[in-house]
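Heads up, there are several structures right after this.
After this come two complexes, each holding chain A, first together with chain B and then together with chain C.
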Partner chain A sequence: MTISESLLKVDNIHLTFGGLKAIDGVSLEVRNDELVSLIGPNGAGKTSTINCICKFYDIDSGQIFFHGENITRLKPHQVARRRISRSFQNLDLFKGMTVLENVKLGAHINVRSGILADLLYYGKSRKEEKELEEYIVEEIFSLFGLAKYRNKHVGSLPYGLQKKIDIARALAARPMLLILDEPVAGMNSDETKEITEDIQKIREANISILLIEHDMDLVMNISDRIYVINFGENIADGTSQEVTANPDVIEIYLGKSFEN
Partner chain B sequence: MHKNKTVIGLGIAVIFYLLGPFVLSDYMLYLVNLAAIATIGAVGLNILTGYTGLIAMANGAFIGVGAYTAAVLYTKLGVPFLLTIPIAGLMTAVIGMIFGIPALRLRGFYLAMSTLAAQILLMFIFNNWTSVTNGERGIFLAPPNLFGFSLVGDKGFFFLTVGIATLGMLFSYNLFKTDTGRAFIAIRDRDIAANIIGVDIFKYKLISFAISSFYAGVAGALFGFYMTYVSPEGFGLNVSIDYIAMIIVGGLGNLWGGLLGAIFVVILPEFVDKGIEIVGQFIPMEYTFAAFRQLVFGLMIIVFLVWEPKGLAEIFRRLFCWLKAKIFSPKSEMEPQV
Partner chain C sequence: MFIQALIAGIAVGSVYALIALGMVLIYKASSVINFSQGALVMIGAYITYAVVTGIPAPLWITIPIAIGLSALLGVVIERLIFRYMTGVDLIAVIMVTLGISFLLEGSTTAIWGTLNYSFPKILPEMSFSLGGIHISEVYIWSFIFSMVILIMFTLFFKYSKIGLRMRAVADNQKASISLGIHPGKMISLSWAISCVVATIGGVMLANIKLLNLGLSGIGILVFPVVILGGLDSIIGAVLGGFIIGILGSLSAVYAGGLMGGAVDQVVSFVILLIILLVKPYGLFGTKETLRL
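And then the complex of A and B:
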């Protein structure tokens, strides 16, 4: 096997908020079909890093490549069109829409029919809408067990379900890279197990994943490689064995849980 | 069950549509025509404000743009009547988009101010671009011909206004079944998440302005022909506020909201009028009708904002659920929704 092709490459990025250096030279890479985890203590800059990848924040310096293309200066919606999807640490669902509508909008970048067709609900628009619904019900709702909630408004559903809907929405875009920001945070062990299985199924669909997570069992079990950051800087990277053996990592981050 | 309901609803609508002009009095027809025209404007404004979350204070002036466009095309350039209506819509869509551009980066209060400026600027143009608008004197329109029949009076217009209002509601219904409409709602609910999902926020806000203004333009064209007269005072800030009242009272982001709000705002003055008549017998009323009307209006907006932010549409929905439960199955619960 040759070394897999590089999908996402984050090269020495910097980001400041006022005077605070939130990211101070983070680099990481996700290759095709890899599941890469990004870990670090609270406030380390993990969410900020993916906000930079999604162009929600403009970085001060550094570069970001996707499939060899420099995406550093793109707008958020243009990044999405490159097939990078993400879930949100603090749920960002559309409260005025049903579960089905939320997930449908996740596929926005794939919808081709124009505004006129939508106003008339004729031809392409109607056909596409039907196909989209079929795809979501068969491929995505079945994966997450969301079918029975399809016409519920998202605000009325429990937190665990909302988390799933968030991931389902990101997946509806048929991404090449799926970024998950703490997908099991705040979930009980059953829900965590379910989500872990879901993530594994997503992997089987040849979607690369960048995972941010505090649940170390989960991270160590399913990651191909792991990056550790602290105070906005890279501390270590490698396989789970390599990372857990790294003295710096043990000291600043894992120490606590290892001692217990 | 669902199919049946649709069929019954359609049946009632068609019967109303075909028989309306022959069973309703001229005065009732006049109210229906006004309500239908207002429905077009309100459904349009609801797309922008209710569904996309963009507050706009210029709907009155946008309606004016449509009215003037149609009037000028018809009287000065001899464009066929039916053609002037879509052109008025398109023209207003373009103007709406132009005034929408500065609004793209603004929200809430600042957006309201920016669209208020658009309202004032357009009114200034209506008043002062006299070579085109005739200024305060306005433009008179001869009754138009439709397929060889002279389209005069309340009966003649009924089919047109109610027909176009129905189409307007149908298009809006379609829109929110599909991707474009979902993008609008997503911008309203969570614009950052929408953007990261791939929604080009600026583009969709502009589209929302365009569609909403198109509705306003069509409403304006119909209004001008129906009144046979177009002048600046028909499109002032008070009209913009009337439309905001319609969608708040009717139901923000609800298809029926535009219709119910329009009906409410059109017939409310009639009730106020009657009210003044009755009360006036006992207490001498020094207030002018207009002032009293504004007062009732302002009160209604506050009442709805505080007690029923989902508007008449929600009240009617609950009423229907209650009736259904009473009539069909005493056990069935109210459906939770929207």
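And then the complex of A and C:
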């Protein structure tokens, strides 16, 4: 019996912008119920890798498999419908909408009623909508403590809260794989602690996570496995002990203070 | 005299609002400033005329057919042209919308010629007088129709799933894609709705005036309405429509004698210039801020 099956498998992908090699052969794997981190210096190609998985970029070569399916040639919205959700590094929230509307749009992916059905079966559609709201309030808002902000416009809320809403929206889609792109960047230590706890809770719900983060305490504490990339290439991978002991990783990214 | 001009202004303004709404919808969904809106109004009226006079069936069958054809036209325009114009310069997009405008006007001339047609009576008779002043029923119907449609829109965008998704695409396309929303479908839908609204506006205008090629000129008249209200604001389109409608109507009555005809059309552009000097984003438009 295999210990845990592969959920996401990125196999030797390449991406160029013009003549610039952004990704030059990155491979990684996320297994079921695993929290995998992707780390590396700025410009190493971490966010580009995510954008390739989510199909925002078309890769030049290589393959991407999710849940046994080759998703290399899918369109970005189709990838989302395979239950891969992501948060964004630079907060791509719907700024003109309320917190509830933002999170609801995340959950909409699971209620795909058509245009006509939405217009004609108004009653049924409304019932669906009510159930959706209950789910959001009970499951998502209570997890992130967002209930009191539900009708506030997200543009008016502080940065730390917006970061949470971004994760909440991604989680509302009930993903199999949640990709978090620097969830604690720019946050103070209290906020970082809160988000760390939230991520732990998400893990308890058996959702696999691919995490990009520069906060090494966070990464080392909660990751099952870590991939290190630099200049669009894999440098090392393994558990936090293995990675922190790797001389290449120390040289390129972690610095001497991590040697002990 | 004043009351009559005011009422005529409100009625015309409500039609302006409706047509402006079509432009706002497309701008919100895809950042395209649609200069072909006037041509869509015209072709919508012609299509309705052709269907209503050509098919021997009651209005409750023919009108939905005409509406359906208009929606189809919108989808075809988006699917064949604008789907391939993402990331293209704004000025190029504007030129394309002008091109569509010429294409539609040319086709209309080819099919129906340059004659005036009197539109069949499709609105029920209704007589109304206020304080001894008789108000033309067409005005009342345009007002009622416009109001009902505007309220429906507001509810649609606030409460329906599709409406919420359309707003999501308009607000942040990248994020909406990552939530599994197909942005092309939503933009297609906004073109369909926009064409339907244009057709309704066109039918009302053809009832007020005559059915001829001149109907497409409404696009230029409505442009100040959209700029006045703010390109991305539905409520702005509505209020802008009323303001331009009423001011145009009043100036036609009170200044028309001094300066000759068509002064109402000049007034709306004078207002536009003043507004743009004071508020470059319109009365209700979103101010774009660049964050570094």
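Definition applied: the second predicted complex is superposed on the first by the 249 of 260 C-alpha atoms of A that agree within 3 Å, B and C clash if a C-alpha of one lies under 4 Å from a C-alpha of the other, contacts with A are read in each partner's own complex, and residues count from 1 in each chain.
Everything below uses one rule, namely that contacts are C-beta pairs under 8 Å (C-beta built on N, C-alpha and C of every residue); 3 or more make two chains touch, one makes a residue touch a chain.
Treat the numbers as computed from the prediction; the structure is a model and nothing was measured.
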{"item": "Combined model on chain A where chain B meets chain C, clash or fit", "value": "clash"}
{"item": "Which superposed partner A:C54 touches (first chain B, second chain C, both, neither)", "value": "both"}
{"item": "Touched partner set for A:R174, first chain B, second chain C, both or neither", "value": "neither"}
{"item": "Touched partner set for A:R150, first chain B, second chain C, both or neither", "value": "neither"}
{"item": "Chain B versus chain C as contact partner of A:R31, first or second or both or neither", "value": "neither"}
{"item": "Partner chain in contact with A:F88 - chain B first, chain C second, else both or neither", "value": "both"}
{"item": "Partner chain(s) touched by A:H67 [first = chain B, second = chain C, both, neither]", "value": "neither"}
{"item": "Which of chain B and chain C A:H14 touches, first, second, both or neither", "value": "neither"}
{"item": "Shared chain A contacts, counted only where both chain B and chain C touch the same residue", "value": "54, 56, 76-77, 80-81, 85-86, 88, 92-97, 101, 104-106, 108-109, 111, 113, 115, 118-119, 125, 129, 169, 173"}
{"item": "Contacting residues of chain A [partner chain B, same complex]", "value": "54, 56, 75-77, 79-81, 85-86, 88, 92-97, 101, 104-106, 108-109, 111, 113, 115, 117-121, 125, 128-129, 153, 156, 169, 173"}
{"item": "Chain C residues touching chain A - in the complex, by the definition given at the top", "value": "159-162, 164-165, 167-168, 171-172, 174-183, 189, 286"}
{"item": "Chain A partner contacts - residues on chain B that touch it in the complex", "value": "171, 174-175, 177-183, 185-186, 188-190, 192-201, 207, 211, 253, 336-338"}
{"item": "Contacting residues of chain A [partner chain C, same complex]", "value": "54, 56, 76-78, 80-81, 85-86, 88, 92-97, 101, 104-106, 108-109, 111, 113, 115, 118-119, 125, 129, 169-170, 173"}
